[in-house]
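What follows is a group of structures, each given as structure tokens.
The same subunit A turns up in both complexes below, where it pairs with subunit B and then with subunit C.
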Partner chain A sequence: MNASDSEEDCYNERTALVQAENPALPSYRPEPEQAPPTNAEPKMQGGARRGGSPVLDGGEADQEADVDDEELTLKYGAKHVIMLFVPVTLCMVVVVATIKSVSFYTEKNGQQLIYTPFTEDTASVGLRLLNSVLNTIIMISVIVVMTIFLVVLYKYRCYKFIHGWLILSSLMLLFWFSFMYLGEVFKTYNVAMDYPTVGMIIWNFGAVGMICIHWKGPLQLQQAYLIVISALMALVFIKYLPEWSAWVILGAISIYDLVAVLCPKGPLRMLVETAQERNEPIFPALIYSSAMVWTVGMANPSAHSERPAQDAAPLWEGEEAEQSSAGAEPESRPSRSYPADEDLEEDRGVKLGLGDFIFYSVLVGKAAATGEDWNTTLACFVAILIGLCLTLLLLAIFKKALPALPISITFGLVFYFSTDYLVRPFMDSLADHQFYI
Partner chain B sequence: MTAAVFFGCTFIAFGPAIALFLFTIARDPLRVIFLIAGAFFWLVSLLLSSLVWFITVQISNRDSAAQQKGLLIFGVVLSVLLQEIFRFGYYKLLKKANEGLLALSQEETMPISIRQLAYVSGLGFGFMSGAFSVVNILADSVGPGTIGIHGDSQHYFLSSAFMTMAIILLHMFWGVVFFDACEKQRWWALAAVVLSHLLVSCLTFQNPEYVGSLVPTYVIMFLMGVWAFCCAGGSLRNLKLCLTCKDKDFLLANHRPR
Partner chain C sequence: MNLERLPNEEKLSLCRKYYLGGFAFLPFLWLVNVVWFFREAFVKPAYTEQLQIKTYVKRSALGLLLWVAVLTTWITIFQHFRAEWGEVADYLSFTIPLGIP
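Then we have the complex of A and B:
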């Protein structure tokens, strides 16, 4: 995939799945990438079968890399899907468990974010719909503006500003929101707690989180923190977005995503291209990474040397946003998914942007929040996972940047509304009579 | 008491299925994916049948209880038929996908065999079916309440849990037999699967006469289990070897990636 040079590629940094395989150094190795489709077939007929650990020699490395990529893609495609299923599932489980037990996040007290100023407490349906559409427009435009701002900053190398912005955002999430969350959990279970203990807990939690996310830390701890902050963010959205606005926003975000990826000239595409030109990882801070890099037996030391920088020291700041009633910055997080540079031994991990986690969890959380019915939640959960699976499949087929939101959110929305209105009465009647299908 | 009922019924309903999942499916990502895809297919079939049922209810007479019950029975039958149609559709899709995978990769054997797919898809159907049948009931069993306070059966939760377990296992067996029948073009076996599914669902019309519905269901489950075992290549000899740990193929297979 020669991402940076092709015109028809368009990325959405926020919600794109990019498969950066060969890519190890895309700008340095253009030729093999141009012809993977044509090279692949003859190679397959004649070529030797590669097992699990191909060791590429320098010479024919290029062409064989293509064939190996095909195989490796297939072999490890399923593994990558599971590597994404697990964190997405965990995030959704955390959100659903919280929604079902802590009533704070489902109570609406009329407080809304400044990005959704129009109220939904209106008498007529038409006015309510209009208000939610207006809210959506405002929210989406804010996101677009912030993204453009970020891209501009990145282009003009204002790294310090970006870093500062991101550190501030994650400080807010890790300290304030988790403090609120802890408080609500204690209230729900009527646990007596004193401030010094809470202070200690939150301080430790937040400090370790900042270190793991912005500097170095064990991979699993970092993954856990990313899942937790996505869940917290999703809970905030569920609480503060009005009912209909939330659904319209979900729909609009996925349409925006789709449009942004399929049309040329998006801000995020420029971001990605700039990052690739400079050969820097793109905002790993707000990208969930399941990458595991094996640093043994690399044939290409120069390619290898950059990897530790990318993976061992994961993150840079991605862009983040929290929304609270006080009004901080809105989100435009990069939610891309792309495999980390692999090479021989394996594991190209997969990366998925936190925005995807958040919106998936918002959808499932809202399904859990409305009513006593668990069937809707289950249906949305399965729909989202299947959407993710399909997206990864498309990624493997097309090998270009794809948004992770549209398919999953579409399935999720379709299944939410249909399960809520069609399946629920059916299943309820069946359960009344204890009929089984 | 309610917590005990909740945990008890959950483990009764999902115990075998979760054990099967953990021991045979969880390690292999490809199987997990196909399990979830199977669950998705079941969900779509349910959606379609609910849609049809919903439409018929809208145009019917809401006040007549007999008519509503009749429509519900119609809904059940339709749902069963749609489930089996979607199972067939899933089979076709898997065949195509397998051929595609085979063509793309250089290996001579497929990464996952059609028998494994049959098992996994059947279990996927079962999981989803069981979950949709029983999760709401389990959620209710936690909360405060008295069961059967208006004179209904006291054994509602327990019988639901047992029925769900039977249904999940049955779906798995049906999956295996169904795919095998499709592979070998044995249409009578296909029809038998569909008919047994219909039979099991229709037996539940007798609820709350649980003896009439649960016992035959378990008998059918046992028979289907034996049939599926034979379809999957099992035999008494295999069983004996396996139970006495003398099956060399099995022992060897566990040390070698297939």
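Then we have the complex of A and C:
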């Protein structure tokens, strides 16, 4: 792969976590007294839900309903947290396992992406810092441009273009990157492999992946493929981003994410809102959803729940044709279970943008690659999961699209640097002096 | 995609498309077909389209077994005779192990 690979792409991620509203469930009130037979109380969350579900015993006091709703929110919230922990953990495990075993991804041979043109091989610390900041500025601006481009395309309904772009990106990821990955794994384990077999493996992997992600396929397989492509993308980032630039880029991307999702004129937010207005499903290959919601064409305009929040710009810029990777858009939205859809499944699941997966894995992978030992890696891993929990908690409180990167990445960065530079020498020193605490 | 929510005709159509797709050198697709539609075809109580789905699943399984046999044979032959074949083997090799003839 030569240095002009512009593989990497911009990631626009919009990691937005959108709170799923709990589907309204009829509350069962055991007390017999009752209340007016009208079931009514419009639940605060949401409106009418299963419209007809008869309230079993009388009406409930609004307060009880409210309490129930809150409990339901929390109950769903906790379940959703677990539903997201597993894929995020799997992605990180794959990345760390690869980094530790296949040396290809940690070898730096001077090749860099064209998005990070400034080299870090300089003598002075100041110059190196300056170069990494410049690299970050370039990378972030590319990402911003791509995001805005995507929003514009989406607004003007150029769906074909977007679909083509996404398909090209996923093609690249599923075929080319996995081919490289497989080659490196075989070389690491010194296994002989012939072209016909490899061809069959890659062809099957890629074709079934395209079918699952872009068309219809079993949910678990689709989730597995999304995890795998996030891991591949993260590995490519880890290989091709220079050291300091990677850390600065991680920080900058979190800030960008925060701005883009929460500011009223932020591109991601506009994208989300446009998608919501049009009540459209989000593009595949950009969002990981933990459960598929099926709506039978409910006319309820508030049923955007399932729409996965369409994310913002595909991360990868497809300019260089070969390299687009399916950008994971960080938009994640737990589907809102809007009421009034009787046919909607109860368990809406949570959606998280693939960009989030990728950047979490980049952080943990870099910690594994350059941190001194496993403590650092584990600390970063825990930090990211804590960040994810907190983000989901905020999601439960605010109930709208939220960026999933900032909190986790901040914690991750803090934990990485503090563990690597403070905790580890401290532990080593204690061990040296045989002083156990 | 949740099969539960699809009407039967669509299930049949999906099964058929997966079956036909597998002919493009895609035994993995057949595997997915078998695993995914297994419950639909054999465990669920009968419905009109189930018979056809069963046929597709069975044929996919058959095709899958065939491919597995072919690939296993080829891989065994290649790994065994790679050293002896000399140049041809090198030409066919994607990775050549170091230190082993």
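Simple rule for what comes next: the second predicted complex is superposed on the first by the 310 of 437 C-alpha atoms of A that agree within 3 Å, B and C clash if a C-alpha of one lies under 4 Å from a C-alpha of the other, contacts with A are read in each partner's own complex, and residues count from 1 in each chain.
Everything below uses one rule, namely that a residue touches a chain if its C-beta (ideal position, glycine included) is under 8 Å from a C-beta of that chain, and two chains touch if they have at least 3 such contacts.
On a predicted model such as this, the values are computed, not experimentally measured, just so you know.
**Q** For A:V152, select first, second, both or neither according to whether it touches subunit B, subunit C, the two together, or no partner.
**A** Neither: A:V152 stays clear of subunit B and subunit C.
**Q** In the superposed arrangement, which partner chain does A:T197 touch: subunit B (first), subunit C (second), both, or neither?
**A** After superposition on chain A, A:T197 lies in contact with subunit C alone.
**Q** In the overlay, answer first, second, both or neither for which of subunit B and subunit C A:E372 touches.
**A** In the superposition, A:E372 contacts subunit B only.
**Q** After superposition on the shared chain, which partner residues are touched by A:A97: those of subunit B (first), subunit C (second), both, or neither?
**A** A:A97 sits against neither subunit B nor subunit C.
**Q** When the two structures are overlaid on chain A, which partner does A:K216 contact: first (subunit B), second (subunit C), both, or neither?
**A** second
**Q** Could you look at A:L385 and tell me whether it touches subunit B, subunit C, both or neither (first, second, both, neither)?
**A** Only subunit B; A:L385 stays clear of subunit C.
**Q** For A:M427, decide between first (touching subunit B), second (touching subunit C), both and neither.
**A** A:M427 sits against subunit B, while subunit C stays out of touch.
**Q** Once the two complexes are aligned on chain A, which partner has more residues of subunit A within touching range, subunit B or subunit C?
**A** B
**Q** Counting contacts the way the document defines them, which residues of subunit A are shared by the two interfaces, the one with subunit B and the one with subunit C?
**A** Of subunit A, no residue contacts subunit B in one complex and subunit C in the other.
**Q** Give every residue of subunit A touching subunit C within the complex, in rising order.
**A** My answer: residues 183, 186-187, 190-198, 200, 203-205, 207-208, 211-212, 216-219, 221-222, 292, 294, 296, 343, 345.
**Q** Touching subunit A in the complex: which residues of subunit B?
**A** 29-30, 32-33, 36-37, 39-40, 43, 46-47, 49-51, 53-54, 57, 68-69, 72-73, 75-76, 79-80, 83, 101, 104-107, 111, 128-129, 131-133, 135-137, 139, 156, 159-160, 163-164, 167, 200-201, 204-205, 207-208
**Q** What residues of subunit A sit close enough to touch subunit B in their complex?
**A** Residue list for subunit A touching subunit B: 44, 47, 49-50, 67, 70-71, 74-75, 78-79, 81-82, 85, 372-375, 378-379, 382-383, 385-386, 389, 415, 418-419, 421-423, 425-431, 433-437.
**Q** Mind pulling up the subunit C residues that touch subunit A in the complex?
**A** Those residues of subunit C that touch subunit A are 1-2, 5, 14, 21, 24-29, 32, 35-36, 71, 74-75, 78-79, 82, 89, 92-100.
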